[in-house]
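Each of the two complexes below includes chain A, the first together with chain B, the second together with chain C.
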Partner chain A sequence: MDAVQFLQNLLNGISIGSVYAIFALGYTLVFSILGIINFAHGAVFTLGAYLTYSLAVGQFGIGGILADLQIPFQLSFPLSLLIGAILSGVAGVVVERCAFRPLRFRGADPLLALVSSLGVALVTVNVIQYLVGSEIYSFPSDVYGDIRPAFVLHFGEKLVVIRTVQIIIFAVSIVVLALLGYLISWTRIGKALRAVAENASTASLLGINVDRFILYTFFLSGFLGGMAGSLVGTSFGIAGPYFGVAYGLKGLAVIVMGGLGSIPGAVLGGMVIGLAEAFVPADYSAYKEAVAFAFLFVVLLVRPQGLLGRSQIQKV
Partner chain B sequence: MSVILEAHRLSRSFGGLRAVNAVSFAVEEGEIFGLIGPNGAGKTTLFNLMTGLTPVSSGTFTFRGTQLTGLPPHRIAGLGIGRTFQNIRLFKGLSALENVKISQHTRTVTGLFGGIIGSKTSRLEEIAVEEKGWEILKLVGLADRATEIAANFSYGEQRRLEIARALALDPKVLLLDEPAAGMNAAEKQSLTAFIREVRDLYNLTVVLIEHHVPLVMGLCDRIAVLNFGELIAVGSPEEVQKNPAVIEAYLGAE
Partner chain C sequence: MEEFLQNYGFLLVTLVQQSLLAMSLYFPLSAGQLSLASPGFYALGGYVAAIMATADYFAPWRDALGWAIFPLEWLIAGLVSALLAFLVGVPALRLRGIYLALATIAFVEILRVVCLNLAITGGAIGIFGIPQLFESRWGYIWIFGPLLVITLIFSYRLDRSRVGRAFKAIREDELAAGAMGINPTHYKVLSFVIGAVLAGIVGAMSAPFLNTWNARQGTFDASISYLAYVLIGGGRSLWGPMLGAVLLASLPELLRPLKDARLIINGMVLVIASIYLPFGIAGALQRLKLSTLKRYASLRGGR
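Showing the complex of A and B:
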């Protein structure tokens, strides 16, 4: 691999890694509050992608029972992305109401919510399939308006191609990350969230309505998941209703790599997995995920708590 | 004096164990009320029932006539009942000031959106919350370390910070679960004065669980004694000390 090829891979990795980061943060937020993985996160990712597609293109789809059903308006891409993500946030709230809250209120083992969230994920994916079919959806190339599709950098004979989508993905992800960082570190809501994450019962004794903050968390998580799904969808197309499931697994690899419950860890983990994939040679791209997971395995052998996770000290 | 807290036949069972069994008592406004008893007598469970952390099995608990049984913990806290814990439960990753500011969360009016965008009312509230936080930290003598994270504090300081955090809730009643645990003799001495000072300054009613007998006897106006989940005596320190049932519970029957 020469320097130019290296640069190309680096840029590809950073772009996709930044989406992995915001997607994985959705898992992290819920994990740090409830201590469990929300398996419906991948389904929300799919849902966000379809919602953004529908709003930007002005029709629901080309297959399923909603085939050719027009939406009476068509929104610009940034607006579709934002509204798609907000609706995904609402979907996150619905997931909490259906899969998590009823079990929590009845004092069920938190682990059971893992199964109920998986159930919600499967139902969601099947409903999506019923509504819009299982065709591959690609965003039209003019969805961003009149911007050129790619920038080409010349290095003598060699070329480095940066697709506009990659720049958009990176920029949006960074803005989202910055806003989330601000929200959590500096606002009162963020501080209350951190308090709930550290000890929910103590927070409730200080007058914090824990259930409301769990809802906020699921909204944020859904927002991030839907946003990530939309960004990946615009870049690679939506490969059917199940495409979020594969990304869901990758998201899990990211948070485990970064350290469960660690926000900087999720960002770093996303970047590491994104880069690991980008450096898989094109001829072997079918093995991308295997390489990413093998990399994860090696990291965990050295640091079982993840890159930025704190090791658990068992108190007896 | 009027009654501020009233428990009527409050009970809680865990499986076959009656941790708290038909306990009735009334706490008067402004009093320092002690709760003592051997280990496992149900004192902390009683606190958990009073603050809504553990649902009651039967019986009622009222605060100034308002029924508290069945309310979620954050509502009970919002009505003005603050507490501390036997095993300190500070937010260790937050600074002392942030710990104290968190409890004022319920008192502010701006919602989620105002808090995020930093609206004018929200900023004014934030200033008020901050000032109050400093004031309380000064009272407990931790103002000079306000920005340090709670994990760095010594045990005694963490206890004081936990009391500060409960005070920031603007409570009418303060429940202290073994406030003197782990303190040395000098710290225990100053704790007595400190609890009285806080009570007078904020017009509080204090209910405290404590094992250290001299401290309880010297501090409390009245004392209730629990044994095996049942209330065996209530009265002034002198009365309780002479009560044969109490002597039996602590020393065993002859």
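Showing the complex of A and C:
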């Protein structure tokens, strides 16, 4: 691999890695507060992509019951992305209400929350399929307005191609990460969220309404998941209602890698896995999907608490 | 009867097969370990059987052994699964909590991607035309049925043995179990390997039953179905996983008239069951029995 190829892979990796990072943050936020993995996160990712598509393009294929429907208004892409993500956040709240809150109030086995969140995921994905069918939807190239599709850097004979979409998803991800970092580190809400994550019962004694902050967390998580789904969808197209499942699983590898419940860890893990995938040689590209999971194994062997995680102290 | 078996034989054998796969999750769960690896070992066992039954390399074996190749396939599938389960289990089971579930998801995904790309597993198309053991689908009840009976007897005996008690102790409190001189990692790996061997053997038996074998056999969706069988049937009772498997695996069949909406209903069943039946159906029945007995006793007592 020469330097130009290296640069190309590096740019591809950073772009997709930044999306993995914001997606994985959605998992991590919920895990840090409830200690449970929300298996409906992949479905929210899918939902976000379809919502943004509906708002920005609004034209459906022939598969589902919305066949040949054309939504009478179209929003600009940035607005669609934002509203799609907000609606995904609302979906996150619905997931909490349906799958997590009833179990928490009954003091049920945390394993059951895996099943109930998977149940919600199954319903969501199949409702989407029912509505819009299982065909591939891709965003038209002019959806971002009148800008050039790619930038080409010349290095003598060699070229490095950066698609505009890659720049957009990187920029959006960085802005989202910065806002989230500000929210969590510098605001009252963030302080309360950190308190709940540290110890929910103490936080509740100090006058924090824990259930409300759990809802906020699910909203943020859904927002990040839906945003990530929309960004992946614009870049690679929406390959049917099940396309979030693969990303959902990959997101798990990312958070284990960074350290369960660690916010900087999720960002670092996302970047590492994005880059690792980008550097898979073309001859082995069929194995690209397994890279994240191979990393997960190595991390479990070498550093089980993850790259930036705190090792857990078992309390008796 | 003939006609009934013609129509429902396949479904009945499938229910037994799914019950066995649910049991393969029950063993690690009885030691408090959530494993989602069963579809991986199931797929692996199926590939072992399919390759041994169709590859040219094994032709002399098949000629020499005749029908005895089938039990040999099961044996080898079980051994390969045990070995791999040991290799996956040791790093993952040193840790507490959700790590085994995540490691097993990774294992299933890696195995799926590898099987999609290797020549020996037939790539994306898979292996087809696997020689049959019986003339009809229904015939396979004669291998799955006895395996289920053996598994149930094994599991019943295990519950009452030293090992079974160690599993339960770890499930209730790993630290306390360790303090009592039980080596948690040792028993956790053992419970995981038992489940893997069962899933591998079921896979090896299923390859001829399903006639074709491909990477779709071991997916995350399948992991979830098996987990749902166990938790909805009742993970703390020997009969729970079977009950869950029979109910949930026949659900799509019962909901067939609903066509596309049936997966939506399937998902709702999972949500509602986890909220209202936290100990599974078997657990709910147990409670009902206890409360009835209490009422009966209080009637007798004349209060």
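Heads up, the rule we're going with is that the second predicted complex is superposed on the first by the 311 of 316 C-alpha atoms of A that agree within 3 Å, B and C clash if a C-alpha of one lies under 4 Å from a C-alpha of the other, contacts with A are read in each partner's own complex, and residues count from 1 in each chain.
We adopt the following convention: a residue touches a chain if its C-beta (ideal position, glycine included) is under 8 Å from a C-beta of that chain, and two chains touch if they have at least 3 such contacts.
Since this is a predicted model, take the numbers as computed values, not measurements.
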| item | value |
| --- | --- |
| First (chain B), second (chain C), both or neither touched by A:V254 | neither |
| Chain B versus chain C as contact partner of A:L296, first or second or both or neither | second |
| Contacts of A:I168 with chain B and chain C, given as first, second, both or neither | neither |
| Dominant toucher of chain A (residue count), chain B or chain C | C |
| Touching partner for A:Y287 - first (chain B), second (chain C), both, neither | second |
| Which superposed partner A:A108 touches (first chain B, second chain C, both, neither) | second |
| First (chain B), second (chain C), both or neither touched by A:N199 | first |
| Touched partner set for A:Y130, first chain B, second chain C, both or neither | second |
| Intersection of the chain A residues that touch chain B with those that touch chain C | none |
| Chain B contact footprint on chain A (complex, rising order) | 183, 187-189, 191-192, 194-195, 198-199, 201-211, 216 |
| Contact footprint of chain A on chain C as seen in their complex | 34, 91-92, 94-96, 98-99, 101-103, 105-107, 109-110, 113-114, 116-117, 175, 220-221, 224, 227-228, 231-232, 260-261, 263-264, 266-271, 273-275, 278 |
| Chain A - residues contacting chain C, complex | 37, 98-99, 102-103, 106, 108-109, 111-116, 118-124, 126-127, 129-130, 245, 249, 252-253, 256, 260, 286-287, 289-290, 293-294, 296-297, 300-301, 304, 312, 314, 316 |
| Parts of chain B lying in touch with chain A, wherever the complex brings them together | 51-53, 72-74, 77-78, 82-83, 85, 89, 91-94, 98, 101-103, 105-108, 112, 115-116, 118, 122, 126, 165-166, 169 |
